[in-house]
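There are two complexes below, and they share subunit A, which is joined by subunit B in the first and by subunit C in the second.
For the complex of A and B:
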């Protein structure tokens, strides 16, 4: 059931538009907003492997962002290792931590699982806030780490302009979307959905539900940590409140729930909708009404859960498919 | 050859003796029925056989291998599939998706899983509804979907837990024909059922469970005449008749 050429075309157009956007958008502010939008779309897509397909609600993914950011930054500051290498070192550590967190918590259901993941992530953040050294590694507690912008260029993962960051995160987003699409169609994808919906039935059909979830968790935390390194190189300053805060975990969950958990398009749609709300409310109401965006998120979430419990991707996908069918002369049957 | 040997199995839940000293052999290619009043311990026994929880005592041998310590998914991969009395479809997904989950037990390739799933749907005459959402099916179709998913794992032994409950008489006849067809293709079937007409028509042998103990075993004719079985089902007053 490969998408036909007619259905691929809009995807290609969107991708081309995304790659061409910096030619039109020259304002650094807007580019910054777009970069964060893609970053959150990327984070939510990575989260979706566990939170969407496996049907649980992890609320501690900020820990993996932090692990990625700190690992590559420490390796680069203290040992001169390129952040590109540190990126994957951080991802591997995050995957191990993800599995360690998953082992006991996947036995819990519903809110208990969500609470346990918050506890683990907060534990890691509080630890980072309260110690200056982790073994031989300098982490500076709440003051965090500053990356001096000495050497720019692709090798150093550091640029004077925003465009290169834009293209890097865009490529990362495209890659993670392709990966989740492939996983959703694979044996693992089927097993995650089955184990999430009816674990007992899934087990009787040969699914080792716990193992499938752990595999998803390892991949999800690995991918999330990659974005942590991007975050560090983009902002050049990390501290526990910035890259490990609960706000990140919550915003990911908001985006996923509103966009549509367990679908490929959901995280991107959610980020497209919510990121501008959060950025513009901070620009215009940052002084008078800080936190306004969270109230708006809450209201939107309630409305979406009431009227479209499977997220905004569902009506939009239906609309898209109808439009496609009309364009292709009604020859294509509904999938 | 014995596909399944249940040897002196007990299963207690705290002080409740759900199954007490139950033994039964299931021969290859047979349809064996398990009947008994509500709460007799039939589903508990199935759960022990399927690896959901271990027996408190006794042992179960499947295809010559003791099943102690094996989990449901291990047993599934060794050729044991089951349905659930209370159907558990993956409700948000299509019928085909549901059956493909089962088919993935035997292959990691998507195209092969899809081919196997369609084969099963063809056999159960469900191809028409392959794209329907499993949560929207009628009860008869949900019961058939339970069987379809189990069959897609390509089992040697199929445990059917009340797949006919809630079906209309014509649907029961259809289900009996389907199950007989499965046996004729070489599968061994162990079936719990409440509908006497169906179990009598289907089974080569029947075991009767009452308050956790086996009170009778034999051919359908022997069971229908058995004094203890009649008492268990109809009460003491009818026993003397």
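For the complex of A and C:
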């Protein structure tokens, strides 16, 4: 282990750099790319709570993005409720839904859980594409919902520039990382890891594995839905394909898996490495080589799974720790 | 009343083709105990192989089986040998490595987007083939001829696989591995070779399903996704690993899709299928004919 000062210093530097970045990056395009990068880092970190720590493979998280986006948007369009409040309303709904999915599926083998989450997410998307009204709520089917940019300002969660969005998602990311860190050191975190790796042994020691997984699922879906509202307010237009498509679910899972599931740094690392690939290949090769970034994602995913199944964070962490040890003059004893 | 019978009939025919596609998935699951998430993409590859074989030679669509089956078998064999075998070897103690799901999902994305890159997003179909648009009149009912061909192909394929598993020495080795891989290894069966063969077989069956679709279905890079999710649903419905269950599950889905639109918007039937799937997952995850041990 490294001394705590040597571990904290780089963190502080990274945080400072992240907060100062918009001063340097003034291009709207690059800021947009950075916002999406943080958004995905946030989404994958939320996914990681259940996909990483609980050792199952959820492949339908887009459903929660969609629930969050639609709830806050419907509330603000039809009832004038601030998206900030709608954000948490959506998150609560998502958490309940997450528990409902998890309740019967966590007892099953891994593949069933993955299948159930896919079917569930696709089912919700199909429903939203077919429904114009859900009771008093306007959904508009495949046309989706447009948010008219009338009132800007913090209260309305709507801004003319990209900088405020940047800071909001940055704070959200920092918060979710802190939460993950806290959970990973809490009893719940240990229960999750134990239940994910050795369910029978954990059960025998009196750990309620199913309940720990449900708690993780509830938190994960809650947090994912918050990002859905952010997405809606950032793009100001949502439709079932844009917030609930299978591709979103898979991209979240892929990024986390490549970065390293079950670790705190893994999902962020994955987003840092993969989001630029996806954005730049879309910008430069979008017309000539469609889908290139998904091929790259797939190839990287397969290679990582074959050679580095715990994700890229593992070799990088080792490398980093060695470098830090060398920097501190080799005074540290070998770990 | 008549049109409901007509729809049911056509639903059963189409459903048998779904079942045929799911058959490959169930064969792979039966032996490897993992779900191949790339199955729909393998079907898509089979469709493109058949499409080009028919287009370049101008033969009857079903003659393309001569090319499709061996090509797909080798493709599946190598896929398992190169990408999936290493995982089984490194995670020996895990009965159902989640890593395999992840790798096959990666393969799904690679194949779908490679097809998009190479063939473009356009819908292709074979306009002048002897089966396209043909209808058979039974009294006042119309039955699609290409789907009828698909139906009988599905039954024949299921029968052939059944015979292979029951009557041949290799089939017995496959069944032994599927029951208990360690015990089978102790009897001198090379379990990894059996995995390769099972995966090749499943992929070849996906190819056969592709051939039955080519005469009347559109071919496009993401066509596999439609079948992927349907195949998952079918195998869970019928019971993972069960050959008859795959066919029956397919027919159930086919009938829902074909009769449903008489009573509601066509897209709603899709939601009904998902709901049925979730209901089965929650209430009877072993499906109609599945073994309880397998879930």
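Basically, the second predicted complex is superposed on the first by the 327 of 335 C-alpha atoms of A that agree within 3 Å, B and C clash if a C-alpha of one lies under 4 Å from a C-alpha of the other, contacts with A are read in each partner's own complex, and residues count from 1 in each chain.
Just so we're on the same page, contacts are C-beta pairs under 8 Å (C-beta built on N, C-alpha and C of every residue); 3 or more make two chains touch, one makes a residue touch a chain.
Note that this is a predicted model, so its numbers are computed, not measured.
*Asks:* Applying the document's definition of touch, where does A:299 land relative to subunit B and subunit C: first, second, both, or neither?
*Replies:* Touch partner of A:299: subunit C, not subunit B.
*Asks:* Could you look at A:153 and tell me whether it touches subunit B, subunit C, both or neither (first, second, both, neither)?
*Replies:* Neither partner.
*Asks:* Which holds for A:20: it touches subunit B only (first), subunit C only (second), both, or neither?
*Replies:* neither
*Asks:* A:315 contacts which: subunit B (first), subunit C (second), both, neither?
*Replies:* It touches nothing on subunit B or subunit C.
*Asks:* I'd like to check the shared interface: which positions of subunit A are touched by both subunit B and subunit C across the two complexes?
*Replies:* Residues common to the subunit A contacts of subunit C and of subunit B do not exist here, since the sets are disjoint.
*Asks:* Subunit A touches which residues of subunit B in the complex?
*Replies:* Residues in contact with subunit A: 50, 52, 71-73, 76-77, 81-82, 84, 88-93, 97, 100-102, 104-105, 108, 110, 113, 131, 149-150, 152-153.
*Asks:* Quick one: in the complex, what on subunit C touches subunit A?
*Replies:* Residues of subunit C touching subunit A: 34-35, 37, 83, 86-87, 90, 96, 98-99, 101-103, 105-110, 112-114, 116-117, 121, 221, 225, 229, 232-233, 236, 265, 267-268, 270-271, 274-275, 277-278, 281-282, 285, 295.
*Asks:* Which residues, counting only subunit A, touch subunit C once they are in their complex?
*Replies:* 55-57, 59, 104-105, 108-112, 114-116, 118-120, 122-123, 126-127, 129-130, 246, 250, 253-254, 257, 289-292, 294-295, 297-299, 301-302, 305-306, 309
*Asks:* Name, in rising order, each residue of subunit A that touches subunit B in their complex.
*Replies:* Residues 185-187, 190-191, 193-194, 197-198, 200-208, 335 of subunit A touch subunit B in their complex.
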